[in-house]
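Next come two complexes built around subunit A: one with subunit B, the other with subunit C.
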Partner chain A sequence: MMQHSMIKLATAAVIALSAMGTAFAAKLNVVATTPDLAAIAAAIGGTAVNVKALAKPTEDPHFVDAKPSHIVTLNRADVLIDGGAELELGWLPPLLESARNAKISANAPGRVVASQRIRMLEVPSSFDRSKGDVHSLGNPHFLLDPLNAKIVAAHIAEHFAKVDPKSAALYQANLRTFNATMDAKLIEWQRTLAPFKGAKIVTYHRDFPYLAERFGLEVVETLEPKPGIAPSPAHLARVITAMKGARARVILVQPYQSRKTAETVARQSGATVLDMPQQPGAVKGVTTYFDLMDSMVGKLAAALAKP
Partner chain B sequence: MTLRQQGAAAIAVAALWAVQVDAQTAADTMPATPGRAAQGAGAYMNIGFSSLADFGWSSARDVGSLQLGDHDPKVRGFTIPNSELSLDGAVDPYFRGYANIVYKIDPEGESAFELEEAFFLTTSLPANLQLKGGQFFAEFGRQNTQHPHSWAFVDQPLVLNRMFGPDNLRGQGARVSWLLPTSWYTEAMVGVLNSNGETMFSFRTEESSEIHGGTPAETSVNGGTDLVFVPRLATSFDVGDTQSFVLGASAALGPNNSGPDASSQVYGADLYWKWKSASASAGFPFVSFQTEAMYRRYDAAERESIDDPSTTLPAEVLGDRGAYAQILWGIRPRLVAGLRGERASGNDAAFDSELRADRTRLSPNLTWYPTEFSKVRLQYNYDDRQDIGRDHSLWIQFEFLLGAHASHKF
Partner chain C sequence: MSDVDLQVVWQVMKWPLAACLLLPPLLVYLGVHVVQREVIFVDLALAQVATLGTCLALLLGYHFDDRAAFWISLAVTFGAAALFSWSRSTHEQPVPQEAIIGITFVVAAAGVILMLSRVAGGKEELEHLLSGDILNVTAIEVGRRSLLFAALAAFYAFFHKRFALISATPATAYAQGLNVRLWDFLFYAAFALVVVSFVRVAGVLLTFAYLIVPAVCAVMLAEGWMRRLMVGWGITAAASLAGLFASYQLDLPTGAAVVCACGLALIIVSIIASARRRQGAVVA
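So, the complex of A and B:
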């Protein structure tokens, strides 16, 4: 009985899907683990791709649920772009195992591991979890350096062209536009932040080293005593003292980090808390990578300019 | 440790050593980029080790009769119920391999060893198919496939004890799965397993007298009717950005050993719902609800009573049912409060069975995760057993994880 109705349901589903398949056959199905990778993929793919991000822009990308709906998304993907460097280690492997999609398996043309061509920062020399949840391949928040975003964009364009050669020219043209915009924007961002070279900032997690390195800022403290370890009162007291000594007046937090903790520290150290979501889509109107960096650079400059 | 266990332990140690050597060699020959060298350390296989320790006290003197799961706390004082070595990795471009090897210390203080799972999984079959083969937990409901380290409570639900015995429904077999081409997640699976062995509790286990009160019949696998079939259909959908539902229906159908031609059917339905904040920090806050209901029809043949061989028990249908429902509230990062309510009961039969008697249990608990790699759990159990009475238990559980980062299925 059960088998019969299952077969009927399945047949109906196959018919429905093949109809859907014809309608969308022309576009490449691209899945990115995080919205920032999705934004770059959309810029390169343009009209030739449909892009979907698995993680929500406001959630911690280390802790995404391996929801079954993601299995379906990955099963239908032509290309998967993940950050790698263990960012998605807690949730992507079981999804890929269930998705059974050879097109996006390791080393397939349909798989882009964005960190592969990046010079990673903070690569540990030894693996020891008493130092917190350190990523053995280095800090995975590398897209905040615009030059890294260019490397990833080229990487994506190369794979898009392999998977979908007929649109290769389009991807190349989009990459050129992306790079040209980036070059112009980078000069503008560097000019905006130039007066604050050497400024000392504090972050909640170790998630801004790439931004700091590119724009000459110095991350003097993190509210987390060690990566992934919740702040303790003793550590925060130390941070407050250090911030006063170093004249660090800005604390950067993301939507999923405790703003309350940051505010407490800010109050006692005379600093201001700056909401700095790293993912496009977390704030209305911020959809592209350029929007994201514009917004971040603008906020940073305004906060650092305060007397 | 028996000789066999020593052998197995030696093999496991040798395997670990081999991997370390491989990783070392890889690291040595890699170019100087530190990131690439680091990749060598995870070469070929993920290795993880999780270890549980329980401590507590129960008003029931014989804790083993109250806590029926093999990985439950077993005595007043300390229990080391489950120390598990997990290995997994790509075998080649076509298969992935998995092994879960359990070491535990039984209530008498003796070390025991168990090949809990060892199976392969295909990676690239056509038509969205996937094949699994080896020794594995059958895909029946939700809790049955979960390893003790990912349980939300210190013990196994009563209904699983009743339907599948102390160690879940698992055995040697194969499973084919089909991911349906629907726009929402739907997966159809059929497992086929041998019917014998202690983990095929509703079928041809040597412990089956706990269910039917008779002397188990001699059986062997001769044909398809000697196998157990485990079909499952699961579906899932999201509501908005923050809520997900998973619904499933499962069955396990096969022969039992109350007599030569007797059979059992177990049916189950399960529901899981989870809400997680759109700006979750380390996965918190969240609220989840999980429930499973099961029914077993055990067709017991005419059989000789195990307690009194002069008595013949009549052929009869033994009907058992049970359900649990649990709610978890991830209050703030690293802190989860849970509550589980359970009930299991069986129909009247020609014999008395402690296992089939009515039972109710209520378990509130609180779990603190210092990181994803450790946890401390406090759980209280209120038990009410038919003809035995009420019991109170308090357990503390500690867990640590080493090695590969644990990834969790939804």
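So, the complex of A and C:
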């Protein structure tokens, strides 16, 4: 472990030194709204980019507190990657307006809206804000499907090449490596979760449908009565009854959701609460997209295997 | 700091800076009134009622930035203004006005929680309403409010003698045959307009801080309206600059940083004031 981090440190130092000598000024400044997008951007950009995420790993990506550094970061960005589908609707537009950076304005080569090429789930047929935080463009938590991560990676590589043609070959090579790793990993993850096909799970918010669809799990209930609306006692009572009937035994929560609520429901229904942060960096040692999925799949399998 | 850095700082902070320098002077003036009337929490209560109005608008399906949200918020706040002017009386009565104000605050705050439990992302919206978004204030928002505040400042200046008399010695005002309730309502209604429009860019916390902290400092340090206003305005400008600087330099949420700078200013002023008093005692 120690040795490992020493090697990492040494590598980082070598990269930093060589970068300072030659390409430092030429590095692309890449900004991603969330750490998961930043992790994919870092995998594709490699040594040719500096990547920063605006939201902290433990922060709700729907609601990020605006800070002066966000505006400065956006002002200096060459590329901005956002999830889109209204995920950042509440906080990104005013920051962008303050940052005044044409390079990352809508439809510029320096702007990647990740959701654009994704087949979205849960696109509502009619839209009404009183139904809760229903995103009119569909559920924006799409990166938990590894195949969607591949689509986003290709999308990012294409824009990187447009903005920075001299490193295009590097981006292509990194994309190939990313895809090859993903294909191998996906088989592994599917094998790990295969015994639990059809297992019923409960989540706090509607943030796991893509994962559930890819791995054959079924989200039977959410603790929120409607997306974004705080759980009410009557709704929780209904959820507890439904969970007992459906034999759902795990409740997935994010760091920014109410663990207390989940624990209350778990006590009443005999389920276990599973911390499932969706962002790399929320847990120590989880830095890449693959680390993230490894940790999620591992945790899920362990919890579902319990008698 | 290099020139390029300064340019970035200026670009990021110029409108928050404008908002924090141009708008609060009127709040300081109102704050001195409020301290004299001993109804400190009236501004917190009004700010909270304004927020309640905004939540009502959200619940009705309007967006935070819609014109309608502003009018709904204002209408609800006028209701509270009417309540406060009605509940003030010259005659000794067993229930002090501060109690009505406190109750209004608590009920409005609880009402906000109830309403937001039915609005998507309510918990975060609540935090947002408290802490505001002064960092992302736009040129248009600052411009509009500056015009409105200038007009209201003219209104208060024109009737200043009357308002000052009612705030300081309501009994004398009654004796002179002034319609105290009517003037109180006008006072609170204009007050409500200030609070509603400022709360929407600055949040409840910063609004309260600007209303009360400079006024309290001014009352500690100076006598007379003009001197108190000067001291209050000076302290507002200093606290705003310090708060914005800290927010940028340490990368802190902007509104909260200015509120804490106001708190710090109060501590410094208290130390100065007590040192002066001790000196005065020695001399005497």
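Just so it is clear, the second predicted complex is superposed on the first by the 283 of 307 C-alpha atoms of A that agree within 3 Å, B and C clash if a C-alpha of one lies under 4 Å from a C-alpha of the other, contacts with A are read in each partner's own complex, and residues count from 1 in each chain.
Here is the rule we use: a residue touches a chain if its C-beta (ideal position, glycine included) is under 8 Å from a C-beta of that chain, and two chains touch if they have at least 3 such contacts.
Predicted model only: the values in this text are computed from it and were never measured.
The superposed arrangement places subunit B and subunit C in clashing positions on subunit A.
Contact with subunit B, but none with subunit C, is seen for A:L137 once the two complexes are overlaid on the shared chain. In the superposed model, A:S125 makes contact with subunit B only, not with subunit C.
Of the two partner chains placed around the shared chain by superposition, subunit B and subunit C are both touched by A:N75. Contacts of A:S232 after superposition on the shared chain: subunit C is touched, whereas subunit B is not. Touch criterion met: A:E59 reaches subunit B, while subunit C stays clear of it. In the superposed model, more residues of subunit A are touched by B than by the other of subunit B and subunit C.
When both structures are laid over each other on chain A, subunit C collides with subunit B only at 167-175; the other stretches in 167-175, 221-229 or 257-265 stay clear.
Counting contacts as defined above, subunit A residues 60, 62-63, 65-69, 71-72, 75, 90, 94, 97-98, 100, 129, 133, 228-230 meet subunit B in one complex and subunit C in the other. Subunit A meets subunit B in the complex at residues 2-3, 6, 9-10, 13-14, 16-17, 20, 56, 58-60, 62-63, 65-69, 71-72, 75, 85-86, 89-94, 97-100, 102, 105-106, 115, 120, 123-125, 127, 129, 133, 136-138, 228-230, 255-258. The part of subunit A that touches subunit C in the complex is made up of residues 60, 62-63, 65-69, 71-72, 75-76, 90, 94-95, 97-98, 100, 128-130, 132-134, 226-230, 232. Within the complex formed with subunit A, the residues of subunit B that make contact are 34-35, 38-39, 41-42, 90, 93, 96, 121-125, 128-130, 178-188, 231, 233-234, 236-238, 241, 244, 246, 251, 274, 276-283, 333-334, 371-373, 405-410. Subunit C contributes residues 8, 11-13, 15, 61, 63, 117-124, 127-128, 131, 133, 135-136, 138, 247-248, 251-254 to its touches with subunit A in the complex.
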